[in-house]
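In the two complexes that follow, chain A is the common piece, with chain B as its partner first and chain C second.
Up next, the complex of A and B:
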């Protein structure tokens, strides 16, 4: 089925509840429905397996318009169906929950609640996701009339409520990990309830790296935002800038020159190599295999050199400008890239051999954290984590954008779904990337690097999807015709992949947990927005340190 | 017991202690809301090309064993208290290195609702390393400057006097 037919099918499915249908741009269907019909409409799409829920965007249209909007985006290949719900802007804006239909929606819904003050009826939890604990109630940062003075800390609360000392119930004990990590370089706080060595419940608290970028974007102009979004994440900074500039160019109806598109893909490919090699090193380190860590990071320096040679910086390279790229690839760089790729390819083949044959490493990866195809679909996983379970979620393949139409990429999948498969998928992907990059360098189209961009972007809204190293990166951009965006909503892949850790940690040994966390390649800076609990820890009771000590002494007297 | 600083054995012990400390600096890394850019560059300094272990510098997991606290990021509201706690858990003498533009001034995140501003508003900083992100060479240079300064028994570098509020543990 092509995307036209897909959209027609979606329109038929939604016909019963649809109040108004528009086609804002190619491959998009926008259906306005009433809040009461939301659950029925979502079930209709979900039950026929029409794509997957990619993101929920909340919007406050301001006190003048007196309305709030929630947009449920479903992606099916290149086709996107948006369910739009308009509600009056009152003190009680409520939406029915859909988390029982689509479990991963719980993160999106809690984001809606926290950032914009939507009340989610029937939702399991209204706990803080990524806003500090001392944030006042009923103050929502993404509301139009939010002022920073409103966010004064609440008396008697800490921004970061500390876990109780030694929390136990029965034979259980809670092990807190983070947010200052010995191995992982990013802040995130985990609590694993253990019964002996076995994890019985897992929960986490993020938000240590939440900076409030979506709000800041509304007060900066289109060009300033490019550099702001690049600094959402230092590892995939090009992908963020890519997705943002692609969206803004679509809104401004600017055609990016072919050479610029090819260079964007080139930098994105190099970034993928750097990101996956980095990941391989961190995972090896978690498994206690420091030799592999050092080797893979040594080889990663080859890519860093190439990135520096092309763009002038090792990290946060700013290769993009609105309307094109600012870095050209001349004959000298082309030669260096090819030499570098040849070297990397032999190394990647070597690593592929190591991760599939080294007995010690296989003991830590084979058959651990296995996610089946059905589970991957149910959890809404993205990127390599999904592809390791045989679910081909890759925007470059499903909905080719930019230069990927000219230089297509073949999707890599594995079937086992365990940690070993995730290693193999990522390394095989690098081989595909090396091949594609060589083709691009050989066939770089001639032409200019940039086209002229207007200062003000015409009013409208668009969706831009890009495949980041960790999965699908989703940008929703709305312009009201001024120099600033009206709303930018970003859904990063890590947000969708967290479930894979928390669900899979339960029932495993505590020692597997670091590997599970590393296995999904988490990026806190990117997503930083949730807390969630999986498993049953109902009989938790707080013990003071003294009580615990006495209990320990008594226990060993027996 | 009264210890006279002029006594020979006191001088010798001080010298030995300084020698040992300067040749085995253990660093603890804290990300207070940075974009990862600085963090991956800090990790890169440990790996074969830059290899800070040749100066005896090692990344250590626990703040209780560390001499240097390397902080990145603009200090978000939620990370602030953990940063203070981590700092307080370190034994004296302790030094703080703040890496990256946003840890110095808030950088590109200045004015965001969840961002404090800079690391030196929270804890006293000895060395600032600017850059977005600074290159691994710059990070090594910053730490080595601190070490050379301390080498001859110099006092810690001049810094703003600050009152550090204690965290209720």
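Up next, the complex of A and C:
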């Protein structure tokens, strides 16, 4: 079925509740429905397996318009159906929950609640997931009339306190992992209730690295935002810039030159090699196989050197500009890339052999955390985590964008769905990437690197999807015709994959938990966290950047 | 005079200072070899000494503990157990400082003291990581202790004595690694279990339970546990090589044989993935114990047949 037929089918499914239909872009259907019909409409799409819920975008249209919007985006290949719900902007904006229909929606709904103040009726959990515990009640950072003065920390509000040394009755007790823990390179907090060695319950808390990037984007211009979004994640910085610039270029109706698109795919491919080799090392370390960890990170240096040769940077590559790329690949770089790829390919083949034949490593990966195809679909998994269960979720294959139409990628899937399959999928994907990258280097289209971009972007909204190393990266960008975006909503792939950890940890041994967390390749790249610290006098207060800097200088003088 | 000799043997040679330095040297060899195998540079030769000096100079934090007496006493007991055990083994190829019939059993139990102390230390704090670490350490004791003992019993039975010095002399003419290869492998792997080296490092798996039983220890206490462990490394290797590698007589053969054993142990550390605690227990009781028991039975039958 092509995307047009898909959209027609969706339109028919939604006909009963549909109030207004538009087609903002060729591959999109925008259906406005009433809040009361939401559950029926979602069920209709879900029951017929029309795609999957990719993200929920919340928007405050401001006090003047007096309206709030919630957009439920369903993706089915290249086709996207958006359920748009408009609600009057009052003190009580409520939506029915859909988490009983689609479990992963719980993360999106909690984000809606915490950031914009939508009250989710019937939601199971009201605990905070993203914003700090001492954030004041009824203050929502993404509302248009939010002022920074409102964000005063509330004294004594800490939900994190554990009862009596974490003992929860009988022989059970809670093992906290994070926000500071040797297993996590980034901050997140998990609580695993264990009975001896067996995990009986799991919960998590995010937001320790929230930097308010979505909010910050609204006050910066289109070009500044490119550099802001690049810094969401250190590992997939190119993917974020790729998704953002692709979206803005679509809005501005600018055609990116073929050479620029090919170079974007080239950098994305190298970034994937970098990311997956890093992941392999982390997983090996969690399993206690440090030799593999050291070797794969040594080989990662090769790909980082290549990226440095092309873009000048090892981490935040900054290869993109709006309307093209700023890094060219000359004959010298092409030669270096090919040599590097040859070396990497032999190493990747070797690692593939190690993860499939090393008995001791297989003891820790085979049959652990198995997710079936049906479960993967139900949990709404993305990227390699889904592909390991046989569910082909790969934007590059499902909805080719940019240069992927010219240099296509073949999708890699495995059927077992355990940790071994997740290792194999990622490594095989790298072999596919190596092949594609060689083709690109050999057939790089001639032409300019950039086109001219207007400073103001015409009003409109668009969705830009890019396959990050961890799965589908979703950008919703809305412009109101000025130099600044009106709203940018980012849904990172890791957010969708958390369910796989929380559901699968229960009943397993504590020793498997770090492996499960690593198995989905978590990336804590989210947004918004206030800097609060306990001052020397013991009082909690918000510190300004200047104060923090002075405090740091004073601290190290002693 | 006798007291003076005893004190010297306890404080300077072979136990005491010499042993501490040897422990650190062997620890460095182990770390350096592992690092080189893993494509790293590894520590400089004085790093273990620097670590200990640094730890002794640091503040010892006393966290929420159940029994302060145990908290401060356990590291001392652990290190004295390891040092005392050294008196009964042919360290540096010399005859053991002390020798009595049945000292093999005494030594093995003195070597277990460290693990027991770590188990108690974990139980004594209110840290949940330490508690899980202690549980795992003690579970693991039940897995490897019996096969390790049985593996050392093989040469003892062949030599007809439970006295380490007698077995050491007997082994000079009988390389038990050839006649009892299974026993050697199990003794070696059992020793790695005792020392909680990878792949048996589940009790201190940093990715799950931070530093295991010793999570709450810092400063002096941690330093003493660390020294105890490196001493136990030397004593354990000495014991295994004395029994299985033709006895230890003279400094050069001692160094060659013990460092050879250490080299094999680092290979295991580098090549193997950490085992879960259930896998460790399963390995020992399903394979280790049964194999070594079979060997013991064969020795008994052969001995009986010969006499």
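Please note the rule applied: the second predicted complex is superposed on the first by the 517 of 558 C-alpha atoms of A that agree within 3 Å, B and C clash if a C-alpha of one lies under 4 Å from a C-alpha of the other, contacts with A are read in each partner's own complex, and residues count from 1 in each chain.
The rule we apply is simple: a contact is a pair of C-beta atoms (placed from the backbone, for glycine too) under 8 Å apart; a residue touches a chain by one contact, two chains touch by 3 or more.
In this text, all values refer to a predicted model and were calculated from it rather than measured experimentally.
Q: Name the contact category of A:227: first (chain B only), second (chain C only), both, or neither.
A: A:227: touches chain B, not chain C.
Q: For A:187 in the superposed arrangement: first (chain B), second (chain C), both or neither?
A: In the superposed model, A:187 contacts chain B only, not chain C.
Q: Report for A:350: first if it touches chain B alone, second if chain C alone, otherwise both or neither.
A: neither
Q: Is A:512 in contact with chain B, with chain C, with both, or with neither (first, second, both, neither)?
A: second
Q: So in the superposed three-chain picture, is A:289 touching just chain B, just chain C, both, or none of them (first/second/both/neither)?
A: Second partner only, chain C.
Q: Using the superposition on chain A described above, determine whether A:23 touches chain B (first), chain C (second), both, or neither.
A: neither
Q: In the overlay, work out which of chain B or chain C sits against more residues of chain A.
A: B
Q: Pick one for A:298: touches chain B only (first), chain C only (second), both, or neither.
A: both
Q: Shared contact residues on chain A, chain B side and chain C side combined as an intersection?
A: 181-183, 294, 298.
Q: Any idea which chain A residues touch chain B in the complex?
A: The touching residues are 131-134, 141, 146, 148, 151, 158-160, 179-183, 185-187, 207-213, 215-216, 219, 227-228, 231-235, 237, 278, 281, 293-294, 297-298, 300-301, 304, 314-316, 523, 525.
Q: Along chain B, where are the residues that touch chain A in the complex?
A: For this pair, the touching residues of chain B are 28-44, 47-49, 60-63, 73-74, 76-82, 86, 102, 107-109, 111-115, 132-133, 135.
Q: Chain A touches which residues of chain C in the complex?
A: Interface residues on the chain C side: 37-40, 126, 128-129, 131-132, 135-136, 198-199, 201-202, 205-210, 270-279.
Q: What residues of chain A sit close enough to touch chain C in their complex?
A: 165-166, 173-177, 181-183, 194, 196-197, 284-291, 294-295, 298, 358, 360-361, 363-364, 509-514
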